[in-house]
């Protein structure tokens, strides 16, 4: 029930942000729409702790800035490689075991890897990640577990 | 502006020819459809252009009509997109059924199978 | 103030454009499917992000900025998911990755 | 300056299309298509600025959404040969 | 019955007959009864028109418009009435003959045969009474189509091939030339109405007149002007009553009738007489006469010989009309009638021979006159008419044609007529000679007498008609003199 | 009150009928609705025609937005005439469809058939009445998409392939059209056809206008199956359900030809297209090629539906030949043939549908002796064939007459012989059927098929009656066509 | 799509947002016509996305076939209904101005319902087409 109510609230906020109009009509329609979507989402069974990870709101404020920094750094690295006439790459596949417990955590971890240029999560399982890296140093970076630890911390803030 | 106009003109032409080429050159029915979609995409760019050339909005008749201006390019593009999607979807649906019926989605193979069928079984 | 805003947004847009093109070049240059994905993510992340940021600076605090942010968030969520799915599908359909040191010899050029 | 951005995007688009044409695997093309989607989204936003028409931003969002759905659909088709296949999916359960 | 009603009845009666025949298809006697009754009443209805038309009336009727400005209309004028009288009169004889022939030879699809026959008569009357070129064209094409099932009656491969030639030639000429000629006429004259004195006076140049005439003459394929004559010999595969229909009652007569009609009522005899651009027509007609006669001379198959004789005789009509003199035009009209009666007699005889003796070749006919005296006597009368000897209708018509040629000092035409008369005698008299003066071959162990009675009655009747037309030539002359305003 | 809204209801009624049928999902009710919608179409078309005859032009502003700002429905003598053809064929085919669809389409898809049928009719009607260039494209795609579905409902798997090929080529055509419209929009800033026409003279010889013309002509030609862009047509007509073949053959290409006329005469203007550009010669050459090549191809087909399909391509050549003269008579010829051929081909495809209904296919090598088993059907086919040939007394003759007339009138003497020469080829393919059906002994295959279906024959009979009626008394059609030609030649007023 | 954990999670997050975005476009569409098309496409895309990730049978349970067809049909009828209402109230077809005493309000009202009709139709058509070809199975893969 709480999850449903907070879903409606979140969606309504989303509506207001999109709309930018505050006429009674549009607000009413927005609220109605939020209700309708939650109802349909409920039928779809997508409003659960995965589909509506409201609990991770605060943690994101810590994790995301770090991630953005990482993305920027790696993007620059990859850029240098692309523009290097010799194209100095050493494609590598690495396997390692993630420490996250929830699917949201695993997904966040996998997406973070993929978002970071130079690494892509290929297989994402509870017990093993398979990552394709553009360079060996990138591969080592993933394996080092820094990101894994941060994602797990982010996940556990719930 | 003109630079962009020309650019979009050239891209239109490129997409047009590329799409048409794929439709003609490819034997796989799905690939043909993809070519067709590319071909249709060229139209969207074309319709973005007029709004700039004519000054953005359609003419306004009188006060009565100030609230809404009529056919805007993006409405036209949207319509074209909807038509394009519907065509693509119908095309894919057909390909799926063709695959079921012929066991292949390669044009040559399908035609060959029809010929075989005609030769082996004159009744069909 | 407005000059500063303009300059910043200029810079961001240009940088975004630069990274986009880099991604495009990488997509052409890289030797196999998987390495090309790395190039594409430059476009998806820094390229797109900086460009959107540039437009946000230009738009100031407005509805437009909110929408640009949404485009950003969309790319932020959707792009890695799609990339991952691509990689996974490629791997399971047997697209072999090129592995090991692939550096081009300068003598080749 | 938006013209410059648009030109950069169009240049990238040309490069990406080159990859789409070169292939060689269907996944390369899907990748290119996905990137085209991102670029188109951006281009629409830029054009919105160029022409002073914020509706294009909505269009950009739509394009981004459809791009995701499209890419996943293509992958599913080539992976399972059928878009409706449930796979061995664990169906979400009703709470 | 008013004249207009008579026209309508004359057009509808054969169609109604066809319907009755179809309904009575399962009862042969009733079916043939309907055929005969229709034929007789048709002739009677057409005959009611004679007094008025002979007195100078031109009854007509118009319906809707076939094309804007061109009505679906009918007008009875002398030539058309003469043609209608011949067609409906000979239909009676032909029906009588058909009954014997079709039953005697156990032909298939007899109902279809009688239906199409009635349809052909309807089309023929339409051609005869048509008030304008388009109405005529409509019935002309209808006649082609409705006779197709008759030509291909036997359904064999030969019949199918003959049908192809038949349709091919007739449709090709009519569509390619006749239709275009009509369109040009329409554009030039603004009307297609058959009008005494023609409708093209001064509306086209000399060369255009010549070209248009060519389109008409070659477009009217039913007149069998060479080189578009092949359909006629090809159609010999059909049963003899059909041959009679083609050669005497309807089809070729419709052709030459149309030729005369076009020359008289579209071009106008006086308008084109003396034009250099129409000189070629007598030449082509003359060539057809001689060439066809030579082919006939060499043909052993009796029906083939008769067919080429028809080709030759038709061109008499064309030649006569093309001489563009009043006398020759009268001759042309009379020759349509004369040839019809004579040729139908010959075909009836040929069919009787086939039915009774199963013989088809001239060389098989030795002594047959003794076994089939009625038939071969009638045949001899037909031959006299073909050659143009008294006391037959052929003499009258040939006389007029020759007089026309002689008076206008067209010596080539005179020569053609004289030579062809000799040739005709050359290919027909030997048959008569064989039949009566050669002994029956010893090998012939197939004793037979005359053909079935209805056939003999029919051929004797037409032979008698051929002779009667010599003695009562005034009757048709009263009509056709009006053609040239005399 | 309703009568003033007929122009829009003409489109809306079938458009609404389609979703109604989908909502109800019952084949029987679907058929009833489709029939009702078609009958309404016919009624409305006749009412509109009569009205147009009085007032000249009807203009209806959708949503009361005055043109050129709103979408305008604009009906003059030309499209009013076409509406009658559409209504007539739609109503007759709807009658025919009940039995035919029950035999050829699986039960669970029948309601879909009727829905698509109504949608297709709505699309075709929309193209015909709209005065808005972009709307032409939209309605064209509505009709095309529904046609693809309708064709794919054919029982043979080749129907799927035919539908696919049609989809590819049809979409290319549509895209060309929308590019052409876009270019016109680019240079004139308007989508209203009349408005475009009035602004065009200022920019006439510019590159975009010429490009627009080229794109439009090629695109429409593809949709109209103008030789040599007819590749999609034979297979589509041969494998679609019979009712669909009949309906499309009689209407779809005709509507495309109409829109070609509309663009050429009412938008670009005859003086520009035929005076300044070599359009007349190009069209003439292509028409002649169609008349001869396609007719010759028809002779060598084994599937009789393909014979008819190739014949359609040839007959379309007749229509465009008439157009290429760009004279009153020439246009009259083209337009009257548009009607006459529509009615004739509709009847023929319906009759072949009866053959298919009983034999399972319409292959000439398996139709030997058919006339014995199906005398009425075969007689009907022969009658329709005679109209294709253009024998006097059939509607086809009237068209041919005017074609020859137009040729002679404009001094193209040699051209006068072309339509008639091509109809001799028609004799050949019609007579192939005659010889097969009437001269061969019935095969056991033919003899085994004995099901009489009045429900199929009667509707075909209606169209055949029209063929003969308009052959003998063509005043109605010729006058209407002449008025249509006049209003097209008047250009922009 | 088995094992596509990432997609599943992303889908669960995005689908409600997509749906809401679709409705947003829908109800802000009358500031420029055409909103119904986009909205319909987006909502349909969200459901199609759901079907692709979680399987067609699951999606069919949520949005059954009959519902899709009903939607599709109802949308067109709604659109046409507004048009006919214009006629009934004495105006032309699709005449918004007569839908209320005040033409501007009338126009608002007209566009609202018409766009709703378009929205429902487009969503219905997209889903229908998707169901049409997703429900069939390829017999063996190539590529």
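When the chains are written out, they are named A, B, C, D, E, F and G in that same order, and each has its own residue count from 1.
Everything that follows uses one rule, which is that a contact is a pair of C-beta atoms (placed from the backbone, for glycine too) under 8 Å apart; a residue touches a chain by one contact, two chains touch by 3 or more.
Quick caveat, the model's predicted, so the values are computed rather than measured.
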Next on the checklist: If each hop has to land on a touching chain, what is the smallest number of hops from chain C to chain G?
Outcome noted: 1
Checklist outcome for this item: Relative to chain D, the most remote chain by C-alpha centroid is chain E
Checklist entry - E-F or A-C: which has the larger count of contacting C-beta pairs? => result A-C
Next on the checklist: Measuring centre to centre with CA averages, how many angstrom lie between chain A and chain D?
Outcome noted: 19
Checklist outcome for this item: So, in whole Å, the Cα centroid of chain B is separated from that of chain C by 28
Checklist outcome for this item: Whole-angstrom distance, CA centroid of chain A to CA centroid of chain B, is 35
Checklist entry - Listing for chain G: what residues touch at least two other chains? => result 1, 3, 6-7, 10, 12-14, 21, 32, 38, 41, 54, 97, 130, 133, 136, 138, 143
Next on the checklist: Touching at least two other chains at once: which residues of chain D meet that condition?
Outcome noted: 7, 13, 55, 58-59, 61, 65, 68, 72, 78-79, 92
Checklist outcome for this item: Residues of chain E that touch at least two other chains are none
Checklist entry - So in the complex, which bits of chain A are touching chain C? => result 17-18, 20, 71-72, 75-76, 78-79, 82-83, 85-93, 110-112, 114-124, 130, 132, 134
Checklist outcome for this item: The residues of chain G that touch chain D in their complex are 1-2, 7, 12, 14, 18, 21, 25, 32, 38, 41-42, 45-46, 48-49, 51-59, 130-131, 133-138, 140-141, 143
Checklist entry - Which positions of chain C touch chain G when the two form their complex? => result 77-78, 80-81, 84-85, 88, 93
Checklist entry - For the complex, which residues does chain G have touching chain B? => result 32-34, 37-38, 41, 97, 103-104, 107, 111, 122, 125-126, 129-130, 132-133, 136, 138-139, 142
Checklist outcome for this item: Residue positions on chain F within touch of chain G in the complex are 1-2, 5, 8-9, 12, 15-16, 18-20, 22-23, 25, 60-64
